[in-house]
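Sharing a structure with you now.
Residue numbering begins at 1 within each chain, and the chains themselves are lettered A, B, C, D and E in the order written.
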């Protein structure tokens, strides 16, 4: 098992944990954090490939930089939305955000 | 005199122009609207009659054919070299504007002209939203004429669909209590039929329709004549099995043929309707306003018959031939099923609906015969049933207007109150049960005669239908017109002139066709040649 | 198939430790009920990942990682947590079916990924790598990736404005 | 890698449409800050329109400057490639950009005068944020590099997250936005994850590189490559709202302000398609077909998703009473149809996938925008988003009812409308490739959708509403409705000019495949 | 030339048709004139028919036929045309004569009816169709008019449409005869496909089947065709088992009963068999069937006639019985006998009906138990009715005797059992006629009845018919076979059989005597039979429960089947449609259950979706 596989496996584990968090955590903030975790897993993947990949290149680094930036922006917007939501609902429980249904 | 005019286009599109004009008229002037609608229904009728007068059965209607390319849709030019014949210059999908008339469509055009005129006259019973009504009515007419004229598969399909939408509105807005359900049911059921039809058509276009024109210009054509030509051309790609479907997707395999054939059967079977696809039309018959049922039962059902003959029969003679028994059995089921059910209905409109099913069964028998007599009988029966059911529903409309009911147990003794209408009703009924001297008999007789040559027992069983026809027609009509007259109907007025006019016209036509069938049979003389020749060659080979 | 015989090298040991940290942090983050705990443990994971980046010779990215995630994002989150009250945490009835299905889904997904990774035939040699990759990154960013770079600036502006526009309280007087 | 390409001043010409948009965006942000509160923010709306128009003008100019490749002697390039192929000005991109800009234009235009301050307090943002969103979409359709694609995608996504939440006083709006953020984030993660594999296994983010690397990648990492494509498919399926990844769409569409809903339904969806085409035609399609089923399977997966979307969207819409949710589900079904040309793949028999797609996309855009404009007017009038809000529309505004009927017929694919012609072309493709089952699914769901769309018509024509007063129409919305209706009809009756135009300028090797780098 | 008038034979049906057209077009406005138009038109036909007859009486006149192509499809041609033969000439005369007399009579009988012009229009239409039927030169044309007379019969039976019984009777008349028509139609189809050259004209049929040695058509098919044609005849001529409509048809006005249900239309069945006799002749089975059905009907109907109380119904059963005789004659091969009896029967039965009509007109009831002693008041009616009764009972020298004698002779030749049956039927005939006559005209007059003789417009036809009923028999006696020779062209089949003459005259007299004893003298008590065998009498009164049997055997099951089919249609055929609708909408419900507002559910759906997609599509490659 090469290092690359190890990194990829780790990334996969983190991705899936993140995903599980998104799927199950009630707290909206944790959900948002879990998404960040997933994006981090992706970054790990990219960096690992950037070193051990078929055609190692700096592109992976660049890609992950963009990802990180975008993730930050996304998180900011997510939190902003959540704050608005919290004002009207007084809760951050995801499962209580169910007024839009059917 | 018609030679210089695009007469077929005029027939198809004058109602559309009428619709636009009605659209621009003020909605409050009901008389103007009516007059315009009547005029624009009459114009195509007159044109059809002129066409009928100059139509030469011996040469067919070729002179009047209008053919021009309508849409040539470029499919991307980089279709990779198909190893057919070198480079590909262009690759197109061509839909033609192709209208033609022949012995098969001519009678149905006449029927359309007549019934639509009667229907527009009968629209006096429409009490609200005239403007919308007449716009939709005229739009519907364009669709119907188009269906009978179009010779391009896609054009046909479009006209076919165009009839759906106005019908939906006409049923849904002006119908009786359950109108919306009936309209939706109509739309969905017929939509499914159209879907099946389109699947079949597209299969045909991508195989039979493919041809190489002028060097490396490749063309998918939807033109009916092209399809027919390729069908009988052994060198057409559709008839060559190269065994490689990836590169030569043009081969029309036997399975595909069967698939397309069965789909067409279903598509048009829904329209006809063939058992068990008939339930939608019961609702339309009961819920739609009578003037519209005149069109529906009188013409729209015949679009199914026309389609069956024009497409299922002409394009798949082989399949049809091996399925004649199936078709005949379906026909017999239709006849008896419709007839027996008609015998037990309490609602006159349902009696008529089931009787339509029964009568359309006879048409199927005619088609199943694959004999010229039978095929002509099928068309004859269609025309005749169109006139008869139009007449019946015309009277139903007039009766309903006076009694607010068409339930058999509510009515009775009307012969005393409205002798004229009762008399016409009786004539229509007698025509419906196949009384010789009236049109119904000729159609039935020819159909039976055609099928009897090949399937004696089935025909004999089918003939039983005319016994049941006597039962349900007399049962229902006598219980409406005979017997004691209930008090509440004593003050009823007989038909006004505007009602009587279409009644008399239709009745006269029914008698005329019954007495002098050559009017139509001569017209159809060469209509089936193509089909019969194909069958002949197949039998020979 | 599960072939775990690996050379134990320094890099591997470091990888092992860091990955355990990352996973533990992540798992804890999922298991904590208090949001603050979660945020902190996930920050721990992020730091571990930053460590892994260093291991992968991506020092700049590691730096950015710490700066952005551990710094900005987690702080943002805690900020959010503080702004929103969170009283009734952990009291809701469970959603066993939902959670089970989620677990099954994630495990299946992981299984599939793992199968793919295990079945891959990676080149054993890592190619020689550019020494000063920070400079390389800078170069690339301003040449080949100039367009996305500019776009990200627009993106950040938009996110900034949007976040403000959304989150700011409307004055009662307005309209 | 060859010598690094950098941006030069001359490249601003090629990037003019994008630059114009970002410029206008920044300008309007500042303007919004500077303008006194009392000034109606419609001004910003109008300026947004100007920005969109200017950008579109540049797109047209660029298109005209491109050669069509039919004449070998013609030395005009068929496309411009910037930065080592990471950004491409080609007809694929330009056509889609025009669609996006046009759609955005009409959406903003029709919302002028119908969006109320009480509903959307941040009206200025609503208008000017359309610009970066459209910019994102344009970047997505024009990029030849995974990174650029991704950034474009995120620009669009994040902007739309904000746009959805702009009905700040509405409890539903922020909930919708939150859901959208979560689903969008997960989808982005999936797409990124897939992209990371694509990068890792082929060694490049540029499509030219990826294409080169696919050959060896399929030998060594077939399973991982499968996973990579399926991960991306999952992400795109969420973005496109294909079943079963569609559930969020109804909620988000319902919560968002109606113009934003229209934007999501048209531009966001179209952009996702643009990206899907870019990525899949340059990766999955180029995987060697002999020895591996990868190519076939990926496209089969797309076909399955398309079919599922059509079925679920249509069937789901049957029971839906809220118009926006209904249109969301209708959008799901239409996404399935839009996906079909791609899903049946580019083969010897079927090379017209792009013209089929773009034709239907154009038709779809117009009919949707028209329908949403009608909806905007109605909801402003009654606040009723339920389908019963349409009751008696015929009596209140007969001509609008007629226009709506035409638009609905187009949505239902009834002749003779743009929707019909578009569907017919796509159907023809399925039959050309003998993918009969997919064609049958299209047709059957189309028929079922009659029930959906005709339920509006029933309401409009056959029921009487609670109000009898004439409906108050806003001028821009009315104009939009009629433009959409007329375009829909024209597309139905005269599809050839447009199709010929597309066929003329578009060529698969030059405009869709990035093989030449 | 001898075909001078024959060429214009087509005019014979045209006159009444013109009258029909005029009467229909003019409508109600011309009650009195209308009646005259009908009568005059029929008279014109009568004159022309007589001219043709005279022409043909003068020796060996050639048959004249003329046809044109009605429908031409491909190489198939369907013709329509007319043909004048001696047989059709005879029928022409009978129809026009009786028709004219009935027209005349109706002037009086229907005077008070407000729809008198309609009545005459219908009668004219009927006359026209019947004449055209008689003239038809091929089976298709024949069939067309065959149906038309049926529909006229239907219209006239239901003439008083407000009576529910009339409505029921009309319906029954049409439907029951239609069963027979089906047979005829199928026979027509069979003939069309089996005949060489698809010929349907009687001449070709004659040629094909006459030369049986040629064997153009196999015996099986021949039998089938013959039986199917016979089914048609059974329906029209009220033979067992399709006789049920005829007695009910008496709900129509009495002149109609005389014209249609006694003299002409019901005899069309006999005419049909005679016209296609060659087909029957070629099949032994068919002949036997005809004979047996005829004989059975003769005795069967006669027994029912014994127990009826309605004056017209008695006559109706008598008609059924007499038609049975004619069929019997055909079955034993005697066309002459059949046609001869048809001729005489037309006269005396028309006479009896018109007489009965005269009585009904006068006393306004049809129940013979409420009549009595009318002979004194209505001398002409009584006398003429008496003549008719004697003719019917087969008392020499009245016409009925001679024709019945011809049939019985033929039967005895062929099959003694049939002869015995015929004789017994003749006895019953005499008996019920005696009962009828004595109960109506003899005995005590009822209280409150102011019977008086009918006007001359009604009595003149009675007198004319009475004369004919008396003398018509002499055209063919065992001693003089002129009629048979003229009709069939063959040698007269006169085997003068003294035995038959004596026996038949004797049973007739015996019947009358017993009737006299029972109803006049009272020597035998009226309830002599009914008291001893009440069951038998009830059975007869209820007409052997045939109607009830049909009700239970056909009508009810069919209604039940119809109801069942209705349920099937509603719940199975339409049920499947609705079910598919529901299932689609259930799928939709499933979708809306998915939309529970929980974003995590949405994401979960997506994850599960993609896992399944990968496993299903990629997994199969790696499994």
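What we mean here is this: a contact is a pair of C-beta atoms (placed from the backbone, for glycine too) under 8 Å apart; a residue touches a chain by one contact, two chains touch by 3 or more.
Just so it is clear, the model here is predicted, and its values are computed rather than measured.
Student: Keeping to the contact definition above, tell me which chains border both chain B and chain E.
Tutor: The common neighbours are D.
Student: More C-beta pairs touching across which pair, A-E or B-D?
Tutor: Counting C-beta pairs in contact, B-D comes out ahead.
Student: Using mean Cα positions as chain centres, tell me which chain lies farthest from chain E.
Tutor: Measuring from the centre of chain E, the most distant chain centre belongs to C.
Student: Please indicate which chain is farthest from chain B, where distance is taken between mean Cα coordinates of the chains.
Tutor: Result for the farthest chain: C.
Student: Which chain wins if you rank chains by how close their C-alpha centre is to the centre of all protein C-alpha atoms?
Tutor: B
Student: Could you state the distance in Å from the CA-based centre of chain A to that of chain B?
Tutor: It comes to 62 Å between the two C-alpha centres.
Student: When the centre of a chain is set as the mean of its C-alpha atoms, what distance in Å lies between chain B and chain C?
Tutor: 67
Student: If you average the CA atoms of chain D and of chain E, how many Å lie between those two points?
Tutor: 79
Student: With centres defined as the mean C-alpha position, give me the chain C-chain D separation in Å.
Tutor: Centres of chain C and chain D (C-alpha means) sit 30 Å apart.
Student: Please output the residue numbers of chain C that touch at least 2 other chains, ranges allowed.
Tutor: In chain C, residues 98, 102, 105-106, 109, 112-113, 115, 117, 120, 122, 140, 145, 148, 152, 155, 158-159, 162-163, 166 touch at least two other chains, as defined above.
Student: At least two partner chains per residue is the criterion; list those residues in chain E.
Tutor: In chain E, residues 592, 595, 597, 599-601, 603-604, 607-608, 610, 614, 622 touch at least two other chains, as defined above.
Student: Would you give the residues of chain A that are in contact with at least 2 other chains, written as numbers and ranges?
Tutor: Chain A, residues with two or more chain partners: 15, 18-19, 22-24, 31-32, 48, 54-56, 59, 62, 66, 70, 73-74, 77, 80-82, 84, 94-95, 97, 99-101.
Student: Each pair of chains that touch: what are they?
Tutor: Listed by label, chains in contact pair as A-C, A-D, A-E, B-D, B-E, C-D, C-E, D-E.
Student: Give every residue of chain D touching chain C within the complex, in rising order.
Tutor: 4-7, 15, 22, 25-26, 29, 37, 82-84, 86-87, 117-118, 121-122, 125, 129, 132, 135-136, 139, 143, 145, 147-148, 150-152, 154-155, 158-159, 161-162, 165-166, 168, 174, 201, 219-224, 226-227
Student: Can you check the complex and tell me which residues of chain E touch chain D?
Tutor: Contacts found on chain E: 584-585, 587-589, 591-592, 594-595, 597, 599, 601-603, 605-606, 608-610, 613-614, 617-618, 621-622.
Student: Along chain D, where are the residues that touch chain A in the complex?
Tutor: Residue positions touching the partner: 1, 146-147, 150-151, 154, 157-158, 161-162, 165, 168, 171-172, 174-179, 181-182, 184-186, 188-189, 192-193, 195-197, 199-205, 209, 213, 216-217, 250-251, 254-255.
Student: Quick check: in the complex, which residue numbers of chain D touch chain B?
Tutor: On the chain D side, the touching residues are 347-349, 351-352, 354-355, 394, 409, 414-416, 420, 424-425, 427-428, 431-434, 436, 439-440, 443-444, 446-448, 450-451, 454, 457-458, 461-462, 495-496, 499-500, 503, 506-509.
Student: Please give the residue numbers of chain A that touch chain D in the complex, ascending.
Tutor: 15, 18-19, 22, 28, 31-32, 35, 38-39, 41-42, 45-46, 48-49, 53-57, 59-60, 62-63, 66-67, 70, 73-74, 77-78, 80-82, 84-85, 88-89, 94, 97, 99-101
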